[in-house]
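I've put the structures underneath this note.
Each of the two complexes below includes chain A, the first together with chain B, the second together with chain C.
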Partner chain A sequence: MRSLWVAGIVLCVAARARADEARPAASSTMGRHLLMGVRAFKDGRYEEALVELRIVARAPDAPADLAFYLGPTLYKLGRHREALATFVTSRAAPDALTDFYLGEACYQLKLYRKARAVFAGLRTRGLGPVLDEAAARYVGMIDAAYQAEPGNSTIDYYADQGLELAGGDPVVAAEYLDEARQVEALARTRYRHAEIVAALGKAWNATGHAHAVVELLAGEPSPTAEASWQLARAYAALGDRAHARPLLEAIVNARAANAAEAAALLANLRP
Partner chain B sequence: MRHLLCICAFLGLLDARAAYADDAHAEMAAALAAQADLHPAPISLPNTAAAPSHAAAPSAVKRRFNPHGAAAPDHARAAAAQTQSQEQAQGASQALAHQAQATAAAAAGQTQAQAAKDRVSHPRPER
Partner chain C sequence: MIAFAAVIADLCAAAPESLAPPDPAESAAYAQAGDEARRAGDVRIAAIAYRKAVAADRDNAPAKDALAALCEADAAPDSDAALLEAIARFRAGDLEGARAGLVRLASGAGASAASAHFFLGLIALRRHDRTRAVRELEIAARDPAYTETATAMLRLARRDGPLAAVVLAEPEIDTNPQLVPDTPPTGALTGPPTTDEDLLLVGTITARPARWLAFRDVLAWRKQRQLQELDFLGETAQATIELERRADHLSLRYDLDYDVLKGTSYLLAHRGTAVYRHDIGMVTVGASYSLRHREYLQPIQAGFTGWVHAADLGATLHLTPQLDIDVSALGWRELTGDPAFSDVAGGVQATVRARMSSRVRIAASAKVWAAVYDGAEPDGALRRDTHGESTLDVEIDLDDHVIAVAGASITGNQSTLEDFRYWKLVARVGIALAFGGP
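And then the complex of A and B:
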């Protein structure tokens, strides 16, 4: 019996030693690809890094913080939209370096309000001196660009990009539409506001952000039919019958564009 | 007692796997910090007459990005920024070429993926 205990302890120590001394020859296939991806990234071989990380992504034991590896790799390859989608859909805990690259991806995509929020947030939470100075430079550049009030053509740019992407890529579309909303809020007069918030609500509903839709649309003073429909969908998704039912009934009674879908949703609401 | 032994061995293997993840994370963190773009290019607000929606900024690879660029001198960065702005100005005419490159890269990626799978399926003997 004693020898069994000794054998167990030896096994533990051996496993640890193997991890410490022979990590490239990892017993885990996923771990091996992850390390190969990291080392390719380190050497600037981003295409190779992406190949390895895609294999990791398909593994059943892929790390929860895959965006930490994959997002910056896509960013370095100039695939900024994919990088952004990777970052914003990640469920890993916030990480300063990942967020720094998120800010960079936003900056490259001209999503400057979002980039500013990311970099300012990072500075508040605390960064090392080099990255903090860089974050300050990003914030400074964006503030300089926004010294003048944004014009309608800038709002058009973001709204149109968001609407164009909405069908195929609701995650990135939502980012553009949210940028449009934030830029529009800086403008002196309202411009395409109702259209932007309704489209944003639709994109957020499509990506499972019902809480955000409620926060966005519940306080709208005069929502469009589309905004009401998106708000109703969000309430229904959250199981808030008290708010969903009157909205859905109004849509059905008005025989609005989404009346059939509203009726189906109403029928499915639990009593 | 055998169960205890099994648990002990399992914990040992878990420990090894966690160590791989820690190792990769630490290496990646160092690489990310070293390769972050510390000097943003000046911007102007976009408008509807701006670049076409699919014209992304040129990739780091196409810009011949130096992975140790954080240590690059400012004039090199300025040159890179100038090149970038020139490339952006070429706009839509490059879109088709970019698409062709992407197709070729995808094909190359598939080949690399297969090679990577082969490497894992047939690992080199340890020395």
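And then the complex of A and C:
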């Protein structure tokens, strides 16, 4: 059965590639490399595909949906973290096949809650029979694994991975921390909650997801100093002075760890 | 890196002939992709890109050379043996010799490349070359076999560099705060001990204008909660010359200490130190000698002013990558203005340093020594002291630049004179911020 849905994915990519081969952009250098990349992917020459697609990625007119090719290529090469980063930073409109690969990459990285959300979402939106069966199987396996309440060691794993990656790869770090948040939410008692949401807020701020930070932290009943700072940064990034100002002022007045940065941000807020 | 642990022999055959006319722009695009992949340690992708660059333009000499270098490294007859030799050189302290071998291995493919990047990172770290250390360790960290260790070393690298600063804030509880740092002859009590809390703030800044030269300044301020007459400010300026040749390391250091007690000048000291170390595989042996002149600035302590000769001889055993043990023999001669405080002392010290995980480090040490004083007491007896102290410190990396610290120490001194018998316990917990650059 597995071979069936793998074949399904390859066929879908091939169909997309055929459509792209007809693009008029093929005359440009970028278009030529894109075509060579998708052809290499179709032939299973994933390393060559990666070389071509990286050249495309450097081009100023790189297509917004490059992740459609680059992500699966990285996935095929077993570079799951890079694939995940490619998918989640993609500017392209949601696409069922890309999302399927995103779910696969999450699953391979043990980001099961995220994988489940992706596969369940895909099934709701509608998939072909082969991919739908595969997605259902993933959802079923994850649900079976999470029938029991997650233990603290599971939360530790995701939180520690996220914190470990935060310095060098905030995009993937955010995914691990978000997984930690979701797993922690399934636990009966709170465990490292404040630390996780504060670190997640920081990672999302670092990757330009200010709206997500506000959604995450605005409702926190007793935010830590770090969480308040991240929330203030997010409000400031969104230009929401009414919410940013009191938070920043409180940080400055409390002489908290980020007081100097808060003061600078406060000074830059337009009246 | 595991995904790319395969050799690149299949990519080292002659590049396919192209019937198309040379396209230098196309070739340059591939070569750039190759360079980027090579810098990231992505050897197979780099080799494929260089092949395409050569295929697009046979005259692209840099791409040809880069591909040849990758293939040469990959075709090395026994990269494992070369790696072992390089590691042995590293452990023997021959950093330059190790580096030459590691650079060649790092530019190749296979599992040896990750190891080579890791050790290149360690060499750069030892030389305080922050940029290179971070780059090499980041590449090594992509290999699961090195992820944990390299990540831990990356944190150290990001705190190091030509300019490094550390700020420590540490509340303490001290059962005998009268024994301030650089107390005149150990145990010179001025009254019964009184437990007090204090806040210790320490700032350290280190500048390394050259690999062999370092300047450091340490400013320590200890604020007592109750015994404010013991508020202490210590300033130490230090210049160090570090010379190394293969397994031999020599450092020459000068320290200037200036201490203030409750706003009053207390001590001015100069010290010259010479340290020699020699690496022999898993063991580093070393010796040091220092000569220090202490000048106590208040008349009441003037009798303690004088010279101190100190020496030690010891060895460090690198038992595992996570465990080091230091053992050393110590000795000193204090010559003070008042002969009653001049002494000869000798003892031993042992320290265990363990890296419990990528974030947690523990150090435990114990020291014992005995001293005999020159001047006879009124009853004609010579004062004799026996001293012991032990410390335990824990550091937990909270992130690249924030470290939680905690520790405790216990000190005891027994003496033939009752005035010099004491105990001192200190417990502390704090936070340190460490930054390096540029």
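Keep this in mind: the second predicted complex is superposed on the first by the 245 of 271 C-alpha atoms of A that agree within 3 Å, B and C clash if a C-alpha of one lies under 4 Å from a C-alpha of the other, contacts with A are read in each partner's own complex, and residues count from 1 in each chain.
By definition in this document, contacts are C-beta pairs under 8 Å (C-beta built on N, C-alpha and C of every residue); 3 or more make two chains touch, one makes a residue touch a chain.
Remember, predicted model here, so these are calculated numbers, not experimental data.
Colleague: Just chain B (first), just chain C (second), both, or neither: which does A:E164 touch?
Modeller: both
Colleague: Which one hits more chain A residues, chain B or chain C?
Modeller: Touched residues of chain A are more numerous for B.
Colleague: If we overlay the two complexes on their shared chain A, which of chain B and chain C does A:S28 touch? Say first, second, both or neither.
Modeller: The answer is first: A:S28 touches chain B but not chain C.
Colleague: Can A:Y101 be said to touch chain B (first), chain C (second), both, or neither?
Modeller: Touch partner of A:Y101: chain B, not chain C.
Colleague: Which partner does A:S153 contact after superposing on A: first (chain B), second (chain C), both, neither?
Modeller: First partner only.
Colleague: Take the contacts of chain A with chain B and those with chain C, and give the residues found in both.
Modeller: 29, 33, 47-48, 50-51, 54-55, 77-79, 164
Colleague: For chain C, which residues are in contact with chain A within the complex?
Modeller: Contact set of chain C toward chain A: 2-3, 25-26, 29-30, 32-33, 36-37, 44-45, 48-49, 52, 138, 141, 151, 154-155, 158, 358, 399-400.
Colleague: Show which residues of chain A lie in contact with chain B when the two form their complex.
Modeller: Against chain B, the touching part of chain A is residues 1, 4-5, 7-9, 11-16, 18-20, 22-23, 25-29, 31-36, 38-39, 41-44, 46-48, 50-52, 54-55, 63, 65, 68-69, 72, 75-81, 97, 100-101, 104, 107-110, 112, 128, 130-131, 133-134, 137-138, 141-142, 144-146, 150-151, 153-154, 156-158, 160-161, 164-165.
Colleague: Could you pull out which chain B residues touch chain A in their complex?
Modeller: Interface residues on chain B, with respect to chain A: 1-2, 4-5, 8-9, 11-13, 15-17, 19-21, 23-25, 27-33, 35-40, 42-50, 53, 56-62, 65-67, 70, 105, 108-109, 112-113, 116-117, 120, 123, 126.
Colleague: Considering only the defined contacts, which chain A positions touch chain C in the complex?
Modeller: That would be residues 29, 33, 47-48, 50-51, 54-55, 58, 77-79, 163-164, 166-168 of chain A.
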